[in-house]
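To keep things simple, chains are lettered A, B, C, D, E and F as they appear, and every chain counts its residues starting from 1.
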Amino acid sequence: MSKIIEYADASPRVRAVYDDIMATRKTDWVNNFWKVLANDPATLERIWSNVKQVMGPGSLDPLTKELVYVAVSVTNNCRYCIASHSASARNKGMTDEQFAELMAVVGLANETNRLVNGYDVPVDARFTEISPQGK
Amino acid sequence: MSKIIEYADASPRVRAVYDDIMATRKTDWVNNFWKVLANDPATLERIWSNVKQVMGPGSLDPLTKELVYVAVSVTNNCRYCIASHSASARNKGMTDEQFAELMAVVGLANETNRLVNGYDVPVDARFTEISPQGK
Amino acid sequence: MSKIIEYADASPRVRAVYDDIMATRKTDWVNNFWKVLANDPATLERIWSNVKQVMGPGSLDPLTKELVYVAVSVTNNCRYCIASHSASARNKGMTDEQFAELMAVVGLANETNRLVNGYDVPVDARFTEISPQGK
Amino acid sequence: MSKIIEYADASPRVRAVYDDIMATRKTDWVNNFWKVLANDPATLERIWSNVKQVMGPGSLDPLTKELVYVAVSVTNNCRYCIASHSASARNKGMTDEQFAELMAVVGLANETNRLVNGYDVPVDARFTEISPQGK
Amino acid sequence: MSKIIEYADASPRVRAVYDDIMATRKTDWVNNFWKVLANDPATLERIWSNVKQVMGPGSLDPLTKELVYVAVSVTNNCRYCIASHSASARNKGMTDEQFAELMAVVGLANETNRLVNGYDVPVDARFTEISPQGK
Amino acid sequence: MSKIIEYADASPRVRAVYDDIMATRKTDWVNNFWKVLANDPATLERIWSNVKQVMGPGSLDPLTKELVYVAVSVTNNCRYCIASHSASARNKGMTDEQFAELMAVVGLANETNRLVNGYDVPVDARFTEISPQGK
């Protein structure tokens, strides 16, 4: 386990990120992920800047983004990330029913991904025509 | 590559599933995933039944479910599944902007999952208190 | 794609491994995996020695070992390994029905692995008592 | 960690699944995986139905299916699933020697999967001819 | 496959990133990864900024960083990333012998990772004492 | 958790490996990985022989090999392996700054691997020409 750097022990550079996290999230605490990244201030700043940009307002609503985050974390078996982003999703309105459906979709996708691998299914021509991105 | 079983060559048991897929999706074709699973009718029926239940109406809207499916498939590098579920997502309204944001969230989640692993971040006590499911 | 080293172009050191592969497998050809590893004779020898020991006679029958190999390769999405070990499994007697059941088990295991991750299921005390290995 | 729903606290719908699990397995207890899925009765029923069908009698013997389940779970690092399916495998006759050989095969497959990725080994033409499924 | 945006067709915003990539790398071309990310200029800018910071001068030499990049990409089976970062590694001096050793280490690590999972090895107390980061 | 076999309880065959581990590493202790593998002496001998060959002197320096080992273990989320190989890396000179940079590279590679998957980036022709291995 890496050292957890509390606000009281943090350098001004680290405190600036903690302050921005709390202001952006409208909370009065910072979770351990950031307190551990604080061991490397450059990474702390860079990752927070990425999270702020990617998880901020856009064309996908904030709850959907958290659900996707949980889906990836469950697939990768990242226990901390599942806990933290499930909490964020709940804060943004995720119900127990939605969490249960999310788990069902994630489980099923992991299953069919492997059926596709094992049976070596060729991509349908239609799937390559339909996308505006040329996909 | 596994043998693709076209409708014309399919047994009545397999045709029944193809018919239900087309009726449920309101389309006139069946994609290769099902035509390959048709080599094993029991699995074809079982997986279709699961997909119909899990991806059907519920507390998460259909587009969100497709986005989650794509997120898992991208994380697992399942090329076919990315193509097929991106197509489904587009059919349900996903825009280019939403696809791009989805990719950004999936990429970031895969990154921070590993930062958490490497730094061995302990789960905050708050995350275990906040969930109605006891999580 | 790495260079494929054919028997005719191989050094005596590499030929010795190719010869042992063909003698052990009672075949007259060597598949590309070995012809590519031959770019690094030390790794070629080491991996062949491991495969020979691990996949050789033991308490699990040869077909079961190939099925396990396919299961891992499908989970990891290694197309070459799925093709080569499915071929080996068929040579050792795997039927179409067995392949289909294998895929079903692999798919399901990948699904329930994620349900366990997402719901963070605690290990039952009974599972830690039952094993002679203390597990 | 999700809430564990004991038999005494379960709804009739959930109890019906618990009863079927115990009857099918000829045991008097239900492991935590099911007690946690019980938070979502639809998923509990669906997954149990899948497990019953996939892990039930077929062309692969029950022990082989459990070994494959363990192999996938070890590859995915699902600690709970390794514990539960190793226990099932032992109940079906897996010896310490077989467990050790299983681990050796799983480890080796994970290694050679990556050697194949890194060296980008092309699939041998022979592997595409040999399968009755056209693979 | 996503649309590839060539320099001639790129917006000024995208060209600015392409120009910086070429200037930073002292080359006269841009590889497809960036030409595809250009479909989403915000992500193009963000990821290039991250790559420039993370892969730039620091306490690890540039070749070591590329070797680590290849190791991750081989583990994840990202064919494009293996090709592109192997090319970068060769440009920074990686020899055939070093590539072969890298593959050997990556393969072995993937193997022993799974042996650890399967045998559920407890972390030695000494490993938690030795690190200045408290790990 | 598997049984840990201490030196005092080990067979001569197992002790011979423990002795070689301590002599090779110039230490007076053996970590749990080996004490658990000792439940299967054939695997203990085989894996130690592989580790000794792969991690021994070669064209990559010992620290680089440990960094690669950590990178793979972080990607696979193998907590034990991260702890043990981070300790080895520190013993070989890894500084806190280098560990932090390693984490940054591993995180970024895991992110861009997924962006490549999701956008389905085609391999540039140049990447297939540049390698002496024909890659």
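The working rule: a contact is a pair of C-beta atoms (placed from the backbone, for glycine too) under 8 Å apart; a residue touches a chain by one contact, two chains touch by 3 or more.
Being a predicted model, the structure only gives us computed values, none of them experimental.
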Any chains in contact with both chain D and chain F? A, B, C, E
For chain C, which other chain has the most distant CA centre? A
In whole angstrom, what separates the CA-based centres of chain A and chain F? 28
Based only on mean CA positions, could you tell me how far chain E sits from chain F in angstrom? 18
Per the centroid of Cα atoms for each chain, what is the distance between chain B and chain F, given in Å? 34
Residues within chain F bordering two or more other chains: 1-2, 39, 42-43, 46-47, 50, 54, 75-79, 83, 96-97, 102-104, 106-108, 110-113, 115, 117, 119-120, 128, 133, 135
In the complex, the residues of chain A that touch chain C are 70, 74-75, 77, 79, 82-83, 102-103, 106-108, 110-115, 117-120
Give the list of chain C residues in touch with chain D in this complex. 1-2, 4, 29, 31-33, 36-37, 39, 43, 47, 50-51, 54-55, 58-60, 64-65, 67-69, 71-73, 75-76, 78-81, 83-87, 90-91, 95-99, 101-102, 104-106, 108-113, 115-117, 119-124, 126-128, 130-133, 135
For the chain D and chain B complex, residues of the former touching the latter: 1-3, 39, 42, 46, 50, 53-54, 128, 133-135
Quick one: in the complex, what on chain E touches chain C? 77, 96-97, 100, 103-104, 107, 120
Counting only contacts in the complex, chain A reaches chain F at residues 39-40, 42-43, 46-47, 76-78, 135
